[in-house]
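Input: one structure, supplied below.
So that you can tell them apart, the chains are marked A, B, C and D in the order they are listed, and the count of residues begins at 1 in each.
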Amino acid sequence: MSDNKKSIKDIFNLSFYVRLGVIVVVILLAVFLYCFGKQHTVYIDNRTTEIDGVSYRALDWAEVSIDGMDAAEYSPRTRREATVMRQKHTIHVIYEDEDFNQFEVEGEFSIPLNETRVVLSLPAFVAGLGEDKFITEFIPMAQLLGLSTGQESSAEEQITEEEMFGDITMDF
Amino acid sequence: MRRNIKEFNIREFAINNIVPIIFIVLCIICIPLAGYSGQYLVSQIITRIMRNSFLVLSLLIPIMAGMGLNFGMTLGAMAGQIGIIFITAWNVVGIPGLLLAAIIATPIAVLLGWFCGKMLNMAKGREMITSYMISFFMNGVYQLVVLYGMGPVIPIESDQVILPRGYGVRNTIDLINVRQSIDTFWQISIGGINIPILTIIFIALLCVVIIWFRKTKLGQDMRAVGQDMEVAREAGIKVERTRILAIVISTVFAAYGMIIYLSNMGTLNTYNSHSQIGMFSIAALLVGGASVSKASIKNVFLGIILFHLMFILTPQAGMKLMGQAQIGEYFRVFVSYGVITLALVLYEIRTRREKAESAKQLAGLQKEGAKA
Amino acid sequence: MPLLEMQNVSKEYNGNPVLKDVSFKLKQGEVLGLVGENGAGKSTLMNILFGMDVIHQTGGYGGKVLIDGKEVKFASPLDALKAGIGMVHQEFSLLPGFTAAENILLNREPENKNVLSLVFGPRTNTIDRKELQKKAIDAITKLGVTLDPDMLVSEMPVGHKQFTEISREISKSSIRLLVLDEPTAVLSEKEAEMLLKAIRNLSAQGISVIFITHRLQEILDVCNKVIVMRDGRIINELDAASTSIQEMARLMVGREVSAGRAKEKAEERPLSDKIVLSIKNLWVDMPGETVKDVNLEVHQGEFLGIGGLAGQGKIGIPNGIMGLYPAGGSVKLNGQEIQLNNPRACLDASLAFVSEDRRGVGLLLDESLEWNVAFTAMQTQNRFLKQYLGGLIKWRDQEAIKEITDQYINELQIKCTSSKQRAKELSGGNQQKICLAKAFALQPKLLFVSEPTRGIDIGAKALVLQALKRYNRENGVTIVMISSELEELRQCCDRIAIVTDGAISGILPASTPSEDFGILMVGKTGKEAK
Amino acid sequence: MEKVKELLRSFGLPRLIIAGFLLLLFIVAPFVEINVGASLSDTLARFGMNSIMVLAMVPMIHSGCGLNFGLPLGIISGLLGATLSIETGVTGPLSFILAILYSTPFALILGWGYGQLLNRVKGSEMMIATYVGFSSVAFMSIMWLILPYSSPTMVWGYSGSGLRTTISTDGFYSHVLKDFLQINIGTLSISFGEILFFAIFAFIIWAFLHTKTGTAMTAVGSNPIFARASGINVNKQRTLSVMMSTWLGALGILCYQQGYGFIQLYQGPMYMAMPAVSAILIGGASVNKASIANVIIGTILYQGIVTMTPSVMNNLIHTDMSEVLRIIVSNGMILYALTRKTGASR
């Protein structure tokens, strides 16, 4: 009977630590993959915005490039989207003010980990506000206005019995 | 006398390989009927080998442990799908996304496999029907989790994944962000046919793992348990535990296989992608000449090639022959089920015939005695 | 100091003593022959030595087992293995798809350590094939036989399987004592010779052997001493060099004729000239009880016993005739050829059979006693049926069935709550009586009864035997009874046939002294006795 | 106390849970504004539709062939009978009788072949039966497309060939049994026609099991070696039982169609064996023992749950989980029966 009782030494042997290590490594890997592989959509917004009671006017003309990708031109009230992975990004903005003076601003920003879609306000960025100010959570217009999306009523999907057992003519 | 032996061998060979032979004949008939170009067929076959071989390979280990065809591999597929649902909801893309899905799927698959193994230990001698029913039962549990649990109980927020009503996962999920990310990561083109090297590396790796596994102590124990549980038990092998491990390993591989499969397909049918996977994988393996008690890597690849050739050809052949593609579609379903039935029946009959051999020997002995 | 010593070992099963006061010593390198009839207590003795579960579950044993002079009590066979005791059983415990080497080192394979085993546990170490091969060859050489380590067990002749089994035991490094249970029973003569040589080899290397066999010549050939057991006692300890087959055989079966038993002996009756059943060149493929070539004639109204040691084929005879196992040859009942492999034909010819496998063949365990008693008669003879619509509908006649069942319950004193009770709820003895009732209900002309007293208590035994005897004497039904217990046969039978190696080795009147039967049982008539 | 325990054991825990659950549903029902009378009549109507298919399990369980997962084969015979009957154009109750007559030879021939097959694979009947059922459904899917049916009620309108996936039995035998002898008491309506139809066949099976042949069949299932030693031709009995099961399966689907109002072709019969199998198991049968009582209790419990859960659930938590629950309960029941040690006494 004495064989069946494992002493503490038997449990905490090398194998135990290696296993623990492997589990930790796998969990760390998972966290890393989550951060690394998560895709974010950045809506770069060039429109007049009001933050903390201060109004920032839209830029008259701007050329923006994120992470050195192809630059895009922005006139006032433009919104373009960029899909990026990871959290930390660089942004490079060339803009003109009313007097056609060109300025070049380069900066870094990081997207909150669990935000899939964020809005980056160019005027706020150029004005040199903090990261938490010029990056805001993306709220769909319809939801903002309190409307139903219309999708809701049409797309209520019904799961029927056949679907539960699978279609026998499916491809494989 | 010599000639006799040779004839006997050919007949024996034909009987033992009746399923692959039927398929080869079927494909030979269908190729001219369907009228596809060789290049198209080859590229299709390659795509499908890449898509499915991981799934089919996952069946090998339970066969080695004498537990028959693991219809419970559907459980692994479910685990893989849950992983995929999570990464899609989180918007983790590309190969990192798939890796993350695999990491999420692993503990779920281990748990499900353990449950399945426990159940099968309670139903020794009828593992196959039981694993089949387990897949049905767990399908219900999966529906419960995915259709009602995801959203309110398991926190998932994503319009891409969750139904507009606020809970439950959509019927189909577009996997655009992970679609073929493994295949296109490193791909070379030979004669207009794209060959995904990374996928091939993965599959080759699994083959190596299986070959290596056969050489381990655990692999040896599984073969022992598969041949005779009582003898293995007497020798001190933990039979029950070994059987559970076989199912767990199979389930985990099936989960990875499902992730590869889905990433290749590019869409997830939340409620039925998994349900037919087990059936098709098993049919493919049997088409390759495997039986309930014996299967090798060779069977897997031959099986996938033949089975999918038929899969690609029949709708077109049906179209040309009968004017209805649907006939071909039903035909391939019929063939899949038919192959499984035939293989199971042949296996039973063969086992029976072996048992009857000893009586013949005795009768022979008696005759010899009478002569002498 | 002796390697193994047993002191006053005794054992009871449910109050029945099966081992009484067994004491012996075994020195290192000695070969001890152990002989005795089935049920003499040999297997119980070995079970005690190995600490088998049956022993613990039935209340342990009395006396002492000493190894190297120290008392041991093994909790399980694994403990016995650790102490260096190995056993080779009669049934092979081999994996057909493994090679000899793999079987020899089953679950003791040498391993190559690898990194993955730290994560996934030691079972992911790979097997060191070379080392495995080497160890296997070592064991085979130690045994001194020729055996290809790469041969699959399924392709081996029986002898090689036996060698593989023994090699497995001696490949265990600590092995000091090897128990061989009838190792030569399945071997050809040549193979048996090789095995005997191997035993001598082992003995020369200092391994002690306990050799259980029915082939007495082999005992003389290899053993240093012989222990003869009977009825749970050691009857005599003999020096193998100075004994003879006759002496051993006599000791094995010989019984002191007590006054009480003599009365039970069957009275001598004149044998009818009419032959009811004649069997010619019968072979039966019954696993473990193969019948090779049986020729036998049964006379009208007699009570014929068939005896012999277990595994020799006596049980195969009725099972083959009644179509339960594949059989061939010719069987004639009253001159009419009976179709073999067709149970219905036998039943239609008024043969009946009480199987030795009560639970497997003899009873519908999940059904009522009524069904068990009446079923066969109903199906084969259309009795206990009410017929409607001119016989189109044959309705079960519940009253008639109950009547006949109650009749037999009274006659055979079957203990049950009612005739509706399910058969599996009865005790072994009462189940056996139900089997008899089923056969009697068939009103057969000839009745085969196979091992009617196996596994039932003494009281029930006597009742069953009495019932059979009465049925034979009063109804004039010819009975052929197969039993492993010679004494039992001698109580009821007129003549007793002995089966050895799948054939009849002799038929003697029941009054013949039991030594003569003993000789018939153990010897391949004459050849080994000479 | 011991007796209560014994009773509980014999009744089986899962069965108790299911019965308790159903009882709970009926208790809760009035509080969530569900008409108990209507629910009851619904349950009974479903009982009438499904009971014969459940009854079809009995002969094969009795002969030891296990649960008839190959029921789709019987259903296909029924479908052949149904489509042939409609093809002739006969309407009204007569078409129902015709459908039964037409399906009988198919059921007997298919059942015979199926029985022969099962005799060759003793010990793993259930797995092979499942796949025989599936292959036959797939095969018939092809047949429905190419068989030369011409009745406009059945073939696809636009192509003029191939049968529709669902065919209405309106004007033919829709509700022939359901409307026969229907009695309405308040909200409760009971169709005695269906129940009578079931009762007739249940009686026939019960009576059959009391005849010589029926006794032999039971013995074959109870202990095939005993039966063989008693001179019974085991294979013949098994084949007979399979033929009976298949024929009852054919009748069962016809009975189902008349209540449901539609004939479902193609993949329709695929998974129809599962509800029938789990119903009889819920009723207290095991893999090798079943009685008519098991059929009745099982069908009522199973159909009761199927009808009650959706309405109660919907009114209670505004979520219809009933379909999923049904899958879990019915397959869980089959799983329970398969993994029970006593189920494998042979």
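Everything below uses one rule, namely that a contact is a pair of C-beta atoms (placed from the backbone, for glycine too) under 8 Å apart; a residue touches a chain by one contact, two chains touch by 3 or more.
Values in this document were obtained by computation on a predicted structure and should not be read as measured data.
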By mean Cα position, the chain sitting nearest the middle: B
Top chain pair, ranked by how many C-beta pairs fall in contact: B-D
Inter-chain centre distance, chain A versus chain B - centres from mean C-alpha coordinates, in Å: 37
Centre-to-centre distance between chain D and chain A (centres being mean Cα positions), rounded to whole Å: 54
Separation of mean Cα positions, chain D and chain B [Å, integer]: 31
Approximate Å spacing (C-alpha centroids) for the pair chain A, chain C: 78
Per-residue multi-chain contacts in chain A, two or more chains: 159, 164-165, 167-168
For chain C, residues contacting two or more additional chains: none
Interface hub residues of chain B, defined as touching at least two other chains: 139, 143, 147, 326, 330, 333
Residues of chain A touching chain B in the complex: 26, 29-30, 33-34, 36-40, 85, 116, 149, 151-152, 155-157, 159, 163-172
Chain C contact footprint on chain A (complex, rising order): 1, 14-15, 18-19, 22
Chain D residues within the chain B interface of the complex: 69, 117, 120-124, 126-128, 130-132, 134-135, 138-139, 141-142, 145-146, 162, 266, 274, 319, 321, 323-325, 327-328, 331-332, 334-335, 338-341, 344
Footprint of chain C on chain B - complex, ascending: 212, 215-218, 220-221, 223-224, 227-228, 230-232, 234-237, 356, 358-359, 362-363, 365-366, 369-370
Complex interface listing, chain B residues touching chain A: 48, 52, 87, 90-97, 99-100, 103-104, 139, 143, 147, 158, 163-165, 168, 170-171, 177, 269, 271-277, 280, 308, 311, 326, 329-330, 333
